[in-house]
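Attaching a single structure in structure tokens format; questions to follow.
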Amino acid sequence: MMRLSPPGYAKFSQTNTLELAYGGGEANVAISLAYLGLNACHVTRFPDNLLGRAATQFLRQNWLDTSKVVYGDQRMGQYFLEKGAVHRASEVVYERDHSAFARLKPEMFDWEEILKDADWFHWTGITPAISQGTADACLQAIKVANRLGITVSADVNSRKSLWQYGKTRHEVLPSLIERSDILMASEYDLIDIFQLANDPENSSFKEVVKEVSQKLPRLNKIFDKAREMVSASHHRIQGKMWNGSSVAKTPFLDVTHIVDRVGTGDAYCAGVIFGLLHYKNDQDALRFATAACALKHTVEGDANMVSFENVKGLADGNTSGRIIR
Amino acid sequence: MMRLSPPGYAKFSQTNTLELAYGGGEANVAISLAYLGLNACHVTRFPDNLLGRAATQFLRQNWLDTSKVVYGDQRMGQYFLEKGAVHRASEVVYERDHSAFARLKPEMFDWEEILKDADWFHWTGITPAISQGTADACLQAIKVANRLGITVSADVNSRKSLWQYGKTRHEVLPSLIERSDILMASEYDLIDIFQLANDPENSSFKEVVKEVSQKLPRLNKIFDKAREMVSASHHRIQGKMWNGSSVAKTPFLDVTHIVDRVGTGDAYCAGVIFGLLHYKNDQDALRFATAACALKHTVEGDANMVSFENVKGLADGNTSGRIIR
Amino acid sequence: MMRLSPPGYAKFSQTNTLELAYGGGEANVAISLAYLGLNACHVTRFPDNLLGRAATQFLRQNWLDTSKVVYGDQRMGQYFLEKGAVHRASEVVYERDHSAFARLKPEMFDWEEILKDADWFHWTGITPAISQGTADACLQAIKVANRLGITVSADVNSRKSLWQYGKTRHEVLPSLIERSDILMASEYDLIDIFQLANDPENSSFKEVVKEVSQKLPRLNKIFDKAREMVSASHHRIQGKMWNGSSVAKTPFLDVTHIVDRVGTGDAYCAGVIFGLLHYKNDQDALRFATAACALKHTVEGDANMVSFENVKGLADGNTSGRIIR
Amino acid sequence: MMRLSPPGYAKFSQTNTLELAYGGGEANVAISLAYLGLNACHVTRFPDNLLGRAATQFLRQNWLDTSKVVYGDQRMGQYFLEKGAVHRASEVVYERDHSAFARLKPEMFDWEEILKDADWFHWTGITPAISQGTADACLQAIKVANRLGITVSADVNSRKSLWQYGKTRHEVLPSLIERSDILMASEYDLIDIFQLANDPENSSFKEVVKEVSQKLPRLNKIFDKAREMVSASHHRIQGKMWNGSSVAKTPFLDVTHIVDRVGTGDAYCAGVIFGLLHYKNDQDALRFATAACALKHTVEGDANMVSFENVKGLADGNTSGRIIR
Amino acid sequence: MMRLSPPGYAKFSQTNTLELAYGGGEANVAISLAYLGLNACHVTRFPDNLLGRAATQFLRQNWLDTSKVVYGDQRMGQYFLEKGAVHRASEVVYERDHSAFARLKPEMFDWEEILKDADWFHWTGITPAISQGTADACLQAIKVANRLGITVSADVNSRKSLWQYGKTRHEVLPSLIERSDILMASEYDLIDIFQLANDPENSSFKEVVKEVSQKLPRLNKIFDKAREMVSASHHRIQGKMWNGSSVAKTPFLDVTHIVDRVGTGDAYCAGVIFGLLHYKNDQDALRFATAACALKHTVEGDANMVSFENVKGLADGNTSGRIIR
Amino acid sequence: MMRLSPPGYAKFSQTNTLELAYGGGEANVAISLAYLGLNACHVTRFPDNLLGRAATQFLRQNWLDTSKVVYGDQRMGQYFLEKGAVHRASEVVYERDHSAFARLKPEMFDWEEILKDADWFHWTGITPAISQGTADACLQAIKVANRLGITVSADVNSRKSLWQYGKTRHEVLPSLIERSDILMASEYDLIDIFQLANDPENSSFKEVVKEVSQKLPRLNKIFDKAREMVSASHHRIQGKMWNGSSVAKTPFLDVTHIVDRVGTGDAYCAGVIFGLLHYKNDQDALRFATAACALKHTVEGDANMVSFENVKGLADGNTSGRIIR
């Protein structure tokens, strides 16, 4: 998606220039992984015009393999962001309908070919929420990944309000999730998606993931994070992980001067994926993911453009931000 | 529409900021008339969100009465503009489908109320080209204007490629044009719209307008302009007018250093409307309109933000651009 | 007034671009009320040149009715702002002398006509401080408002140093205040304006307003706020109100990352006016006003461009700044 | 003066940033001379606040000696510039009244001390036009310069409309001009200032300067330039010089793509002064001055920031603008 | 190289922001070819720090394959550009010494591997001018290309002043040129490089290339262009080609409003390469190359970011710059 | 040095504009002293091109005497800064090798002449770390200062990694330090430079300075500061001073919202120098220096552009940042 936002803390009525970047759940995860040092390929559909080309160029600039992007139609998904501060919330308007992405058809992608050299496939709950086409393509990709023995991770965190094409998320997501190995999801998501009987206000993450994991034999681990919002400028972040038997948590990281709050969940997912690939110890992976998430709050734009050294330093407890020279 | 363009002559892939303005045929004409000193009201439909509000604020800032704007849906029409120079053409991508404007319904507007104090109603051929709803609303407005004795002017110049909703321009436009008093149209437009037998390459403006005017008893005058494109940076502009019996032409104005070429046709229309209201002599009106058109090439954005004194000076032959202090 | 400030935290010697906005006590209150959803009209005098037109356009853009602005002379009031942070104070230089506003004469305004449909009239102590002309016009307007039964509110908070035309504030303000229904003033202001015997350092808001209110039979309520300045980047705001018999206070709101501190008092006034019109309960109005004041610290420019929903959310205790999508 | 202008060709209503620079007749000449390699000192009065300091810093940055600037009052002279193109004229609004400069008093400057090491003193007709104080100080400085044997040059070109303090230019300027050695003036200026009987429309430069020079025994040379304004974007410049017996002219230089037209007359004066000091041959000086003037049209801001090599190259006929590497 | 330039026509002393792009002879050619639709790979050495990464990202954004870039050392080649207009020349300062590129060693590149799938190898005379290392690496690459049967093209146009490491261009270039198939060179270059007896001022392109081609049996074609510099803002461009037996020339293309003159020679080379690959007819290739060169003058930055359709349109004679929508 | 940094918190790959300023240890101290009201002269060597001129102009703009700058060579020292926030550290890349400064020779400076009217000479440990030439020139200057009875202050804080020309800091610095009167140094620096036996982790500032001061009879006072880095956005600063017999410390100043952390050590040095010259009481000087250091964190760029009043206010305990109007 094209991201358009007034500079600084201005409102749309206060500006005649907009800052332009590109983002979106899976793209953000891919870029983040590329900055951490992995080869990452983003598969999507862009409009066949100057906007689609510019978006592709943005992904290439940020180290992604874009050879699998397909082109067609004329509209680019967009979102408009007015950045808030302290007690003033950021405001976001999405324009995803009728975009080249929303109109993609499963047959536009040859997943056997696309995934043939891949080690990992990541999807988010936003994709199946956009249209029947994206939901179908996502399911096909996951099935191919399963067949090829590729690890599948899922960030299910899609707001209910996204589902506008006639399906609800508890109709669609379970069949995708049950084919995934790693899950990022809160207890609220899981209760809703799997239509559990638990009372969302009185169920712990542990209770819910325990129950859900019984239904999902393939599932390996479930990650979540706690976010305390002191204000729009100050969040506190904690990583949580269910490893099949117990829940581990990190200490809170205190992000006292937020630069850009968007994409922090995607940064967490990328941290989880990288961490699981890089570390033997799940706890190390969790700390790495939490540090990645915290660092994203200090990076402009949707994607977490920080290096492995940056994240590792914070995961190892160095919160001082001392100048690197 | 929201207009988004890279700064200066940059391409989309060269920038991370976009310049933001708002424009569109009728809005441009209205703003131009407001700068010339008339009271102008823009009637449209905007999305009911921060983009619709910001667009309204832009119109208000540029002196328009926005009390008749209606709100609904979520999408704002957009266009993306890469500015060219010399031999490099500007490129424009439009995103009008599914916008709040495209989805308007005739019953959203009470034209009797809207037009009750108006002296003039102007429409462009873009409006009926967008959707059945806009076409119907346009026709209704014209009919009410006719009933109230309000002068109706039409800029028919809508590219064929705009018509995507199942109707062609020669099916729709004639019934709107025959209820209009003043027409802005080239011989090419007229041959196509009225499906004349004339060969577009070998028919003069005079021949065509003569023939067309016989079919249109209400019609008063037809205006057109010649545009010689030396390059993307240098155009030459001439005004032309059929007054019912003969064709008058102005000398060419030489615009040697184009700042912004968009909206120059709308500036011409505004010049025609203002000129006909202000001058007794048609020839004066034509010169005024041509000068307004030429000046627009030096103003950033879609609309011609110049004063009556600015236009009159050039219409009177002062091409020197001497500093006003 | 034209507001000119270097970008970010730069000093004048560090920049070759200035950010341009417009503001001023009453205009800020009016814009704030317009964003909250009221019809607001700003009455002033601007220079009759491109600066006066641009200022008018700024007000129009921000929803104000500018039909009562009068034009004349050549100078626009200005102020220059260097924004500070933490221990570095912001610096402001005012240039108000000889402006079109300072030179206005009472006879330039027909208050009967201007106020004929109004429900509320608001003035600030800055206006009568500028010149005899502005003081006289302000008094005339208040008298007309009284006659028409329009509520009059006054923000008396004008620095002593403003009074340069030969009168002091205790000579001029009492006769304006005694005709006002709602007052925004601190105990320090009131002691000075009414030349009370109280020791400013040892008198409470309650003691002083009690005494003052005996002299002002028309007066209904007095509002004030406490501002703890932890640093230039961090203030704490509390609303206070005397309702004729007792003093109510809100909890402190902690503004930890100030974006723009200018105009926060005007935002408070607008919150008071809107709150008193909207809520039955004074305490609700006070909470609303305090929230409005706190939010202004996060908005660039002089005026509080936030919606009713924004303010109400904070007044209701939602300090989290959660993204609105 | 502080110069404030919208970026590019925008109008004040189209921008929320202004470009900031400083300029003014004598300052422009001084900066231009400094860039050509001379030691130049600017003597003026600035406000005693952050604006006066920033203006001083601008002059220092541009190589001037600012040790003779005096400070007082609060207002900085300003001008607002909207840049035009082609047929659209630039518009300028001046705000000079009540500035620190306008309020200077002759006794604030010790000219004996200021001029003790100077070789040349230059004044413009703008200075005595501002106030009695500036006129008196200018006359005092010229008298001291005469006494110290310093060459005095005068650019008399002050628009009549500048004179607002009760004196006209033909009352004030003659006594200043008669003490000057070098004059920059057109025949129109001279007829008006010396109240000659010549018809301005039918008198040549030669006729007029011949007559004037008889009244001015001290006068050495009179320089003027012809400016053909093809449009706001394209001027043609010719230098003219009366050397006491005959008039010499340069060929026209064709400035086809004007970047900034302001200060071109000051650049010409600086070229005259430098040329007369540097060249033995008046004709060489004239060519140098004309080239300096033409080059200023390509430099942003008020002052001609070009080197001796830049000017000499053009004076020697190199119009190709070949890249210097 | 990192390209740093003040915005617009500002000088370094007038700005506190610099525009950042990346460029350099071969990179410009490669980017230009990529925009025309070819797969292009840039082989170079960048510093192993954030600057080297950012430069790589720029190349990736502009469609290049950067998998062959090697990293080491700390310094990025740079150049500083002050853009001129009309009679004011642009000024360029280069900082190439001690850069990662200047310090590359031939053994850092495995040309067999790099070129194994290539069809074409292009080098410029700048590379062997920088250091012995770059000269050696260039020769090695050419030899491998010869061995693999890859077409080699050479843009010999390296200024004499570049050669600072102890060799002159006539010592080094001939052995590289004699292994090349296509040459871009003027008669002046050729006389100097091959130390011909011809008088540069009185020898035609035809005479010189005839003579040179006898010494270079491998050589196929020699391209050159004529550039008439009306001013820094207006050039006229003509393509010239020696096909082994005769010289062909295109008409002049008139670039009347130059946006960015840098890299126009590289755009010509890219046009030659693309043209020779795409067209059967040399004359078509020459017209295409000349059009590509002319278009580059309208594109910001070093590289010609225009499409095949853009160039073909101009090569086919469409100079009107009509908006593409 | 030229300082180039992306705007705000952007990374190099996210921007196409860089912010340009100039800085460097001694220059920062000199500018800071000039803003505090002293006459300050910066002695250095700049390249003889447009970059050297622009750097000189920056120094002049910031009130320095630049008459002692010498010019030669082509390269300007540079550094590239990516600004971090919270847990993300700023990153700096230096390019000092081969610069005009690194290549200076002692004989290029006539220190007798340069220092003849000076009261104070300040050097930093960076200068002798760059090259043998700079080390020699620094020593010469100190010797001349000693001879002329000028106070010499030294900020020894040069990172070990700077020393690349074959000498280590403990070989070079002692002979410079023993000729200095005032020292800014931490216990870690001193242990390393004087190769003390103390364990850096278990020695107090007091212990170390006591020992060092015995070796340095000339030495008068040693200043240091404690910096607690809560995060990259929040530091706490404390001043420390050894006056020959005891260590004094200030309370910590809490810099909660850092704007620019670079140059804060230089601001401290300038505060020490000014404080010692201005105050009789060392403790006052220390408080002044600490306040100067804290304030620098709120000023963009390398140098502390704050006034005496700004610093004194904070030194006197006013941390509120109340607007100055």
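Letters A, B, C, D, E and F mark the chains as written, and numbering starts fresh at 1 in each.
Following the convention adopted for this analysis, a contact is a pair of C-beta atoms (placed from the backbone, for glycine too) under 8 Å apart; a residue touches a chain by one contact, two chains touch by 3 or more.
Given the structure is predicted, the values throughout are model-derived calculations rather than measurements.
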Where chain B and chain D overlap in contact partners, by chain label: A, C, E, F
Copies chain A and chain F - rotation angle from C-alpha fit, nearest 5 degrees: 120
Pair exhibiting more inter-chain C-beta contacts, A-B or A-E: A-B
Centroid distance [mean C-alpha coordinates] between chain F and chain E, Å: 45
Centroid spacing, where centroids are CA-atom means, of chain A and chain D in whole angstrom: 62
Per-residue multi-chain contacts in chain D, two or more chains: 11, 13-16, 21, 57, 61-62, 91, 93, 257
Residues on chain E engaged by chain F in the complex (per definition of touch): 4, 7, 11-13, 15-21, 49-51, 53-54, 57, 74-75, 80, 82, 91, 93, 95, 97-98
Touching residues (chain side chain B, partner chain F) in the complex: 14-16
Chain E-touching residues of chain D, taken from the complex the two chains share: 21, 61-62, 253, 255-259, 291, 294-295, 297-301, 305-306, 310, 313-314, 319-325
Footprint of chain E on chain A - complex, ascending: 57-58, 60-63
Chain B contact footprint on chain D (complex, rising order): 8-11, 13-14, 84-94, 159, 161, 229-234, 257, 261-262
